[in-house]
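Both of the next two complexes hold chain A, though its partner changes from chain B to chain C.
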Partner chain A sequence: MITLALAFATGCFTLGLLLNLYRLVRGPRAADRILALDTMVINVIALIVLYGIWIDSQTFFEVSMLIAMVGFVSTVAYCRFILRGNIIE
Partner chain B sequence: MHSTFLFLIAALPFLGALIPGVTIRAGRTVCAAFALAPTLLALVLLGLLAPSVLAGEVITARIEWLPALGLDASLMLDGLGLLFAGMILGVGALIIIYARFYLSGDDPVGRFYTYLLLFQGAMLGIVLSDNILLMLIFWELTSLSSFLLIGYWTHLPEGRQGARMALTVTGLGGLALLAGGLLLGDIAGSYELSVILTRGEEIRSSALYLPALLLILLGAFTKSAQFPFHFWLPHAMAAPTPVSAYLHSATMVKAGVFLLARLWPVLSGTPEWFYIVATTGLVTMVVGAVIALFKNDLKALLAYSTVSHLGLLTFLLGLGTPFAAVVAVFHIINHLTFKAALFMVAGIVDHETGTRDISRLGGLARLMPVTALIALVAALSMAGLPPFNGFISKEMTLDAAAHAAWQGNGWIIPALTTVAAVFSVAYSLRLFVHVFLGPVREDYPRRPHDPVPGMWAGPALLALLVVLIGLMPSALVGDLVAIAGGAVVKGALPYYSLKLWHGVNPALVLSVIAVIGGVILLWQHGPLLRAWAAARRPEAKAIFDATVAACVAGADRVTRALHGGAISTYLAWFAAFALVLGVLAWAGGAHVPGSRPPLPIPPTVAAGFVLLIVATLGVISVHRTRFLALIMIGVIGLTVSAGFVYLSAPDLALTQISVETVTTLLLLLALNFLPRHTPAESSPAQRLRDAGIAVCAGIGVAALAYAFLTRDFSSISEYHLANSKTGGGGTNVVNVILVDFRGYDTYGEIIVLGIAGLTIYALLMSLLSGAAGRRLRNWRDTTPRSRDRHPMMMVVATRVMMPIAIMVGVYLFLRGHNQPGGGFVAGLVVAIAFLMQYMASGFLWAQERQRIEYHALIGTGVVIAGAAGVGSWLAGRPFLTSSYGYFTIPPIEEFELATAMIFDLGVFLTVLGAVMLMLYSLSRMARVAGETINIEPMDVDPSRRAADGEKEES
Partner chain C sequence: MSQLSEVAISALLVISGLFGLVGSWGLVRLRDTLQRLHAPTKATTLGVGGALLASMLYFALTHGQVSFHELMISVFLFITAPVSANFIAKTHMLHHVQPEELPPTGRATGWAGYEAAGQGEGSGN
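Moving on, here comes the complex of A and B:
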């Protein structure tokens, strides 16, 4: 059962990644692209967690936690760049 | 015991060089005394060794340094070394005393003594080295330290130019000598001089003999100012006179002669040696003597006279006969005594009268009797008149010359030697007659009188030696000449006798001719000088400057062609070249497809490939819009990190994602001040060509990677996996590799990282104070911007994140040795946590809460890492060997402590400091552009508004 669930979830997130990619390429605005990249980070975190469950390893949860912690910083910086130009003022 | 002494002698000047910078605070006299102490101590030690050396013993000392390269710190003291070491230390001591009185209180005297002792140490190193590579290192050191000494008066342009010229010429020769030394060592099979000196036959019959000889001679001739490289020596006279007296009469310029004498047993005796060395010496001797007569500057006269005498020594060694070699050794002593004395006299005259121009001097004998007496003795010795020591060596030189034939021609060598002797007599007498005799003048720049005894004591001692050696040569220096001469010829000494009167022989006849000719030349000096001034001569400095300018222009052209500033050009060259190499390699061997079956590709991984490919194409298509390209690159970084996770490299994933974030932040900071769009600068054809190269190179790399992936091969990984726990005490192999197996590598890398951080800081500092800063101050950003600079939501979120991020950083650091993590990642994570505060609340607010300077953080990190490495020396193990142990402190469970963790702490601090410093530097630009700063943590503070509201209500 869990195998099936994992496969399904993995498939969904993979699909999500590809859809994000479409949005990233199409745009049209920079904000759309930033959002797409940020969502991609979330999807990747999910995939790593799923993979961790699959092969039964703790390490992957920590990695996903770290990506979660630092992944949004780039997004914030991109946004600040659009809003204010300078990210540290 | 003896070898310890020898090491001490070599080390004392270098140790002493550290002291003057401190002691100068106690005044010039104390400083001079502390510079004198190591010199005298070394001289005493040398004196203790002298009896053994004079008895024929060769004292050696050796420490293995880099045995794999044949480079040992091995020293040797034989007769020749004793002679030179004695000269270097003895004259060094006199010069230190003399300089105390010569230099004024305005000069940086401490620095002078430091340079002088450095030079002394380097010079001693040359004459004491047994290993030829070691000797070459000291050789270069003399070039460098003499550069500092010649350019000591940095406010004088002549000093700086002369120093540069000397360094260029002698440095060039040093490089040639390095090549020659390597060839010589290669032929002899050893870099130890003591071995090389026994392989004379092999070396002379080797096919590499001529190239090695030419290179070595280039080194010796440039150092000893032989024609046509003689021009640097007169320009080096811009140095303070003590320097000229020390370097340019007694020591450095003799290094070339020393080298010729040292290698005499193996290199001499061939026609090549005779024709190159003897001819060069002969030409130099004549040219130097002729020019010296027409120089009005006292020091220039002495400089050209030195050139002439160095030519004489080279000529004697070049003759290749044992007799001439012994004469050369004897003349080295004599030249030292009278020339150093004369240089010091020139310094006294300059010091007391305020000029060194002979045409403005004269009649000083009445005003400065002591100085005049010293000058008289030394000048007569230089002229080669009896009963002074110069006479004896000149007689012996003429004797050697009278028996030499050039291309079967028996008269050309004696004739030229006599011509040089004629001019030598003339300029020596002129030095005394035109400066000290004649009527007392009224127009000296300063009122001259004899200087304090401290200043004339040194030259007086040397003048005394001139007389004593002249009167009793055998008793005073007979043993020294015999043992040093024996060390040069490496065999039975020829018959010679050191005495004043040899009876009437051809040499005496030539000598008489020389004296008569010299007096006539001096008598006719006025008309001759006018003729000389009217004649057209090549000006060495102009030629040198033109050559240097041409070289610089040529280098500029090459640089501009290869290094045009466009990275696309570099990459095109690099990729195309690698491609050509790869194609050649592939075409040269038989290719067999790999046998390893490929792994299945799950759909998610396939999606990852799609992500990578599309994002790459995306970056290429939008690369002129820089911000968009940066977002696209983010996808690539993310996918690569995910790939690392999937392929069981969580460490790399952690590092990748952290580096990715920090890089994005730094790029965004820079991007703010760059154009939004990259202009198209290349033609479509160029772009097409570049695209072709890029695609081919990409395919090549992919094919190479595929070829490797489809094969089984063994790597060092197995060793690391097997030894990580037992050797390094950690189960995280990546971390153990970083801090232990390849700890030295990591140490170098963190230093480079620290340097990069500091360089960015320094570059931006200097940029901002220049034209770029002015442009920045006038820069106005017209893009419409959001008004909310520090949104409350972000401030609160980052504050909450801070402790968590720090905790994660500490956690990653602590467990790094056994689980994914380590100092590098931890440093990046903590840096990101700090960066978030900077972004949320602004620069100043965060900076005010930052108590430790980032520069200090970098330095501390490197020091800690270094200390961790040095710590293993204390345990008697090589640098950076880690050790570990298990400890239990109740109630905590058993835990492991490894010295590698201290090292990792250093890595952590350096990474943190470097990242933060780069960010700090880049964000400085905004404030130069006129951005305001804030002290409050956020723009809209609800708590304050509430307080304000209450106030309004009440």
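Moving on, here comes the complex of A and C:
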């Protein structure tokens, strides 16, 4: 039963990743693209966690923690670049 | 592993998948940029939280080792999601919302972001 639920959740997050890709390509404004990238990072974290359950390994938590931090920093850096024209003033 | 814990983990996984899908679907479906900001920052974050909770429960029940790594990741995501949403909203407002359209703040200072970016003086962060 867990295998089935895992497959369902993986499918949901993968479909979500494709929808985010659509918004990333299509997005009329820069804010839409930043938002799509931020959501893609979050979906990828979910996929990594699900993969960790799938192969029954606990080594992926550090990876997802690092990706969460890098994703947050890159979102803030991108927004700041558009807001101020500079990242570190 | 007992039947009950298996049901609990499966339910958490299904709910988290549905929340993640709703967030990404809202990102495509909603009409305006500021409306689109709502779906991913709330629903997708909840979905990831559910997946991390399911992972924590799974490793606690099958391997018997309780780890708080997942809790750390979800707390980090729950803290950073509003911050990045605020930044994205500011980015959008700077270019596409005029200061005259906004309601008055009711205090001496105006809405953050406008005067600093307009003048380039670097007074506001």
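Here, the second predicted complex is superposed on the first by the 89 of 89 C-alpha atoms of A that agree within 3 Å, B and C clash if a C-alpha of one lies under 4 Å from a C-alpha of the other, contacts with A are read in each partner's own complex, and residues count from 1 in each chain.
As a convention for this text, a contact is a pair of C-beta atoms (placed from the backbone, for glycine too) under 8 Å apart; a residue touches a chain by one contact, two chains touch by 3 or more.
The structure presented is a predicted model; accordingly, all values stated were derived computationally and were not measured.
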- request: Have a look at where A:Gly11 lands relative to chain B and chain C in the superposition and call it first, second, both or neither.
  value: both
- prompt: Touching A:Arg23 in the superposition: chain B (first), chain C (second), both, neither?
  reply: second
Message: A:Met1 in the overlay: touching chain B, chain C, both, or neither? Say first, second, both or neither.
response: second
Task: Could you say whether A:Leu83 touches chain B, chain C, both of them, or neither, answering first, second, both or neither?
output: both
Message: Which partner chains sit in contact with A:Asp32 here, chain B, chain C, both or neither? Use first/second/both/neither.
response: second
Task: In the overlay, work out which of chain B or chain C sits against more residues of chain A.
output: C
Field: Touched partner set for A:Leu66, first chain B, second chain C, both or neither
entry: first
- prompt: For chain A, what residues appear in both contact lists, the one with chain B and the one with chain C?
  reply: 10-11, 13, 17, 30, 34, 62, 65, 69, 76, 80, 83-85, 89
Message: Can you tell me which positions in chain C touch chain A when the two form their complex?
response: 6-7, 9-11, 13-14, 16-18, 20-21, 23-25, 27-28, 33, 36-37, 40, 44-45, 47-48, 51-52, 54-55, 58-59, 62-63, 67, 69-70, 72-73, 76-77, 80-81, 83-84, 87-92, 94-96, 113, 116-117, 120, 122
Task: Would you mind writing out the residues of chain A in touch with chain C in their complex?
output: 1-2, 4-6, 8-13, 15-17, 19-20, 22-23, 28-32, 34-36, 38-39, 42-43, 45-46, 49-50, 52-53, 56, 58, 61-62, 64-65, 68-69, 72, 75-76, 79-80, 82-85, 89
- prompt: Residues of chain B touching chain A in their complex?
  reply: 603-604, 607, 610-611, 614-615, 618, 627-628, 630-632, 634-635, 638-639, 641-642, 645-646, 650, 653-654, 657-658, 660-661, 664-665, 668-669, 671-672, 781, 783, 785-786, 788-789, 794, 801, 804-805, 808, 812, 819-820, 829, 832, 835-836, 838-839, 842-843, 919, 923, 926, 931, 933-934
- line: Note: in the complex, chain A contacts chain B through residues 10-11, 13-14, 17-18, 21, 24-25, 30, 33-34, 37, 40-41, 44, 47-48, 51, 59-60, 62-63, 65-67, 69-71, 73-74, 76-78, 80-81, 83-89
